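Per-chain numbering from 1; labels A, B, C, D and E assigned in written order.
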């Protein structure tokens, strides 16, 4: 790291060119100088480098924003005709990030300050670099105090603690240990453990032992929470994938092998909506997913309705034949998507608010897309439960699926109810497709990877039992992630399947067996 | 019953038909001749450029499809007649194939890429000795035994527990699917010692005889054909016995069967194991003919396909599934060549058409057509 | 744990370890020489009872369907059971045939066979036949095949594989066919029969089984008066050689066949006696017969 | 003057269609191009396309059919190693010719196959060397992450031996496998995070199979593992695989290939333009709006052109003659170098590029070898391979 | 109200209904008698549209409903109690009754008269239909049909499995329903019955079927005189 220098120095064309095009080591050196120069032009150039918006035209270094380009040194408008991009590799990118952290810490954007401070802290915990100390002290010095908000200030203090831990006196070390103990991260644990091996001072040693225990507790807590979260998250995905099937199969008895393809249709609908937004509503792109929900629901529901009207309605009461016919439908749908969209995957971007994650308990990151999907699954579940359990349509669906001719004799338009019900189940599959497009592939095979899991969930829960479906999805998600924790992904998957086999032995009708005479 | 009943009336007994009808026997004999005489002659002795020549490619294709037909027949016994839909029969097929594959791997001897006694994949994954489960793979006799015992044993154990727990219907289907899926993942693992994802391939000889000769291929073809015929006759006999009727009764009303004093467990278990073993034998015949066995044979989709051949041909008629296997796989072979980009539409369409318009499968259609023709003929006469 | 539960547990353990259960079937406590499944004809009725229920309780989600039921039936007896809808008659048959496990109570076949330790097919093999309230036959099989399956014979896999009808069995089949008026329908699919015909077929299947004890749940429901009469005749003929327990709501039919009538109500016995006695019982009139 | 038939054996349906379909189109494009220039030996080429449907036994059946019924002069096909292993005996028995265009684990050298994809030393080893260099971040700790099948297993075995030779202890290597089609990488990424927080610079070497990459990278982005902290270098992730990913959070992660679409040279400009035009003309879904090229496409393209040159040199399509003529063939490849078929080992000499993911889904080349590298299909890091002959041997 | 005109019906090849005609008038109970398998149930199924008729006509208030689908017939005011109860086993008693009033507007409360008729149903409102005893199910089936306030009530052996006192109740109810319905409007009742005494007591009109044909008919009062009991018994 470089030492903070107060005096401003202007950016020279030569420096700019080295930064843009030189050998990596030279570029890093130049950047170090520039970052501390206090020259706004230099700061602009560094930030542009980090955005990868720098180009070189002959000897001239340009900052390019869309169509317009300016000379990096003079700030004058320039032409980007024939310019080539300045390349950034990881090593340089790392240095750039550190430089930006330095700049941000002294800037006046509180959010950036906080992020910069955290980044600084983490990098110092991982690799203590004593040369940064003066700079930290500077940042903490009285004239800057007002500039750092509480969180950022704490992070900088923690960064200082990381340095004190290695280079401070005994008292500083004890303070450092106590400060760091609150940062429940694996890297802190590693650092403290390393220190403990070298430490001779008894007071520090005692503090270390205490801190280690504290960090360990925090880590275990975080680990448990993390595992629960991943389990619930996997469960929510299984649930979403299975909910539609819980209707088309669980209630209606259609062994719908095309269920996965209905999910796929939902995902492709998302893709199409994304494309439309990008083209016609780029300003609202962040919110394209909200528009995709109804579109995907309707698209899948429509396909489902057509399937029901065209094929499935002739097969009620012959469940095993629905297997054959829907298998055929699934082949057709898959190849259809291949013909229209190509065999390769298509890109579905997550909107900004679903990217990244929230950091809790040290360095446990809970990704936003997972959190959103858990909430979404819950919402869909509640909606389905209400619809099936509390509405007249739900009642008709249940009645019709149990005894079609008699329901008709009661005055229920069974054909229409069947179509609605199947379309509803299909539409929910489409909604699942929207969610799945945010975590995995969107391609013609998308459905195939979920169909088996979906059936397992519905059957394990007990056919026709919505509550069972929920328990099964969550149970399998948690179990899978728990086993994966110590046996690896492959064995976990096998173990879960074996578990299903054994479990069904104990409960031959699934978790929520229909009790009573009609079981 | 009590003697008070007046005279026992004369009842016309339903004619207990012979095992096969006259035309049925005719077809069996024709098939026998076709497989054992016609095919070898057309393939081996008729010159290649003659229009009558039956190509090696066709022999390979037919041999493969006959193996599938055995699977479909086995599926029919358990699904069509007993009402138990297995979505895991691909597992038994694959296990039979793996047992045979292990033997064939050992037959490679030191002719492999690494010239080691061990199969190649073991060499480059640093295995120093054959793992225990390869112990008997050297012996052909043991292999034949294991082809029956391994899948049969697994089917027995699995079936015993499942049927004892009275797992039925879709619950049974799903756990069979889970079973084959789990096995697939297990076999994918390289640690399992069965070649991982690649499985076994590059076989050289069987019983010391090179595999890649037309003669060996023809012998395998004939054996497959004979096996199919024997299984067909055996299955016919089974379903016409009282045993077969109990199976159908179980399919229709299992609890009533119990109240009649039958314990369904041994019945289901027997047919389940028979069916599994049939598949295993098919798998064992399949591997030397196609030259590869790997875990994708255990993928759930493959098992579903077996059920599909059966349904297309027509359940609960033994000839139906055989026809189904030929039609679906034949269609696949032809269509993937002539319409590589559209064949799935045709195949999918075929499945839909069969379910919608031929609820009894192809055999049902044939039956109605035959009946119509007979009816007309009768009308004229 | 109550003593009878311990006893039950001990017996279950014994069965689980393959200790022959046949010992119980031998009269006078003699132990059976071989561990073979029990056979019909070995029921010990020396104490004058073929069926014996004591203090049986069953509840479903807290609803007491059977509530301290006591009942016994003598060998060769024809017992009629009547009682309001929901009294627990069908549930009682479910218990006897092993379909429902009681919460507590004793159910003995003869004086030695504790039925609670047997599964449905075992109970059927012991010699208890049952006709369901809703007729159940093998719909895809022909009338003939339905009867043939029910025929009393060794019902193990190996025997069925080698089975063929003997002349004697054919005669019996013909006789039963005649009895149930389905001689003309021999080859028809059972599923295509009308409701009443299915009832008859099911009775026929029962007869083929030659059970010691027949449980008949509303056998004449949906039959015409004349058919009802014929059924009554049939039951009277069977009586003596077989024991019968008949549940019916048809009082004419009951009158035609009954010697002793038990009235169930709310899961226990309300009254017992001849038809005239129970018909005169105020409580029975109140809950069942009506005025 | 009948056309010369060539077979195209790529899955157009099933799980592998995602990757393989575009290779079929590449062959068709090359055939069209060759025919436009007058064909081969004055005869037109005719491509026989079949669909082995991602079904390995079907690959063998189709191969036999192409060789015996259609009597094709050469076959371009296969992607997975298992499909190649499945057809290999057929090609050897019938003495056919297969051009295999995908990077693979090596340990094979058949006289009936020409391998135009990379062997491990043309991809995996240079990539790891780069990670250990200063520019690559001086990684000291490695996560070897792959899909559980033979290519990743073998590659990782080779890499482990290589890392050992560079002084990396076993405790600094973590090896993890996921099943095919695995789509939930939450736990694994959490574990990588933990593994990487021990103070030493950590890098991930990914041999995750195509299908699982999108979920993997998505999770990576969302859990905030950035390339500057823990770079991931992948061997099966190219332009086509990234099509399905939002690459902004992935900037800086790496891939190693012998070709990138973003390479700037005249041959590649022409190649990408040709492809774009072809995709538009043939209305190839996906590519008609956003044409992409990638390494296996380039390898396919090189393969068919080299075969054409060899046929012209041999003046015959006879397999034995073509095989001899193939040796030493050269071709100006889109990667800007002259690709050369080795005189002996049936593998191409290829340059190695390391690319960093850009925000637009393309790659910035951050490192490359000085020139083409000769393939070592028998990796020296596997015991006993030093005794292997350097020429293909027909298996007995 | 209801007029059935020479309908013919086939199951596959077998001719089940052979030109059956009948009339059911509002305010009257029309009873169909006949032995097992003569086609009584089939007749009612044809009336409900559950099986197609080959020829003949079915008129409700003079409007042909021969081609109408079952639910349209229900909406036209036919309530049906099928043979064998056919209640919705996995719906609760309450839900079964709600299904029964599918023809009414959503949210219509259940008619309290139903529970006056069958008090046991009120006790078991939340029990699953399939768990009820046979007789309870039969009562539920009748209540379910009444829930739609039909103008024509069709019952297929409604006394099967019901305890005597309730049979008596049912008899009284049917009479009352025919005269004044649930809401004061007379109702037509078409009853298929084997229980002769019950039938005779209720019948305003009767028909006897044999092998798919109506072989006797007339006013209920004359049944005894014409020896219908014997006719049915032969």
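The definition used in the following text is that a residue touches a chain if its C-beta (ideal position, glycine included) is under 8 Å from a C-beta of that chain, and two chains touch if they have at least 3 such contacts.
If you're wondering where the values come from, they're calculated on a predicted model, not measured in any experiment.
Q: Fewest touch steps from subunit B to subunit E?
A: 2
Q: Indicate the lowest number of steps between subunit D and subunit E, counting one step per move to a touching chain.
A: Contact-graph shortest path, subunit D to subunit E, evaluates to 2.
Q: Averaging each chain's C-alpha atoms to get its centre, pick out the one most distant from subunit E.
A: It is D.
Q: Chain pair with the most contact pairs?
A: Highest contact count among chain pairs: A-D.
Q: Could you name the chain whose CA centroid falls nearest to the centroid of all protein CA atoms?
A: B
Q: Take the average of all CA coordinates in subunit B, do the same for subunit D, and state the distance between these two points in whole angstrom.
A: 37
Q: Based only on mean CA positions, could you tell me how far subunit B sits from subunit C in angstrom?
A: 43
Q: Round to the nearest whole Å and give the separation of the Cα centres of subunit C and subunit E.
A: Each chain reduced to its C-alpha mean, subunit C and subunit E end up 32 Å apart.
Q: Where in subunit E do residues touch at least two different other chains?
A: Residues 131.
Q: For subunit B, what residues touch not just one other chain but two or more?
A: 185, 188-189, 341, 344
Q: What positions in subunit D touch 2 or more of the other chains?
A: 12-13, 148, 179
Q: So in the complex, the part of subunit E that touches subunit C is made up of which residues?
A: The touching residues are 11, 34-37, 41, 83-84, 120, 127, 131-136, 138-139, 157, 160-169, 194-196, 229, 232-234.
Q: Contact residues on subunit C for subunit B in the complex?
A: Spelled out, the residues of subunit C in touch with subunit B are 97, 99, 119-122, 124-125, 129-130, 132, 136-142, 144-145, 148-150, 152, 155-157, 160-164, 170-179, 183, 186-187, 205, 207, 209, 237-238, 241.
Q: With touch defined as at the start, can you tell me which subunit B residues reach subunit A in the complex?
A: Interface residues on the subunit B side: 85, 161-162, 165-168, 170-171, 174-175, 177-179, 181-182, 185-186, 188-189, 300-301, 304, 307-308, 311-312, 341-342, 344-345, 347-352, 354-356, 359.
Q: For the complex, which residues does subunit A have touching subunit D?
A: 24-25, 52, 87-91, 93-94, 97, 126-127, 185-187, 190-191, 194, 226-227, 230, 233-234, 237, 334-335, 338-350, 355-357, 359, 363-365, 367-370, 438-445, 448-449, 481, 484-485, 488-490, 493
Q: Any idea which subunit C residues touch subunit E in the complex?
A: It comes out as residues 60, 63, 82-90, 133-134, 192-197, 199-200, 218, 221-227, 249-251, 287-291.
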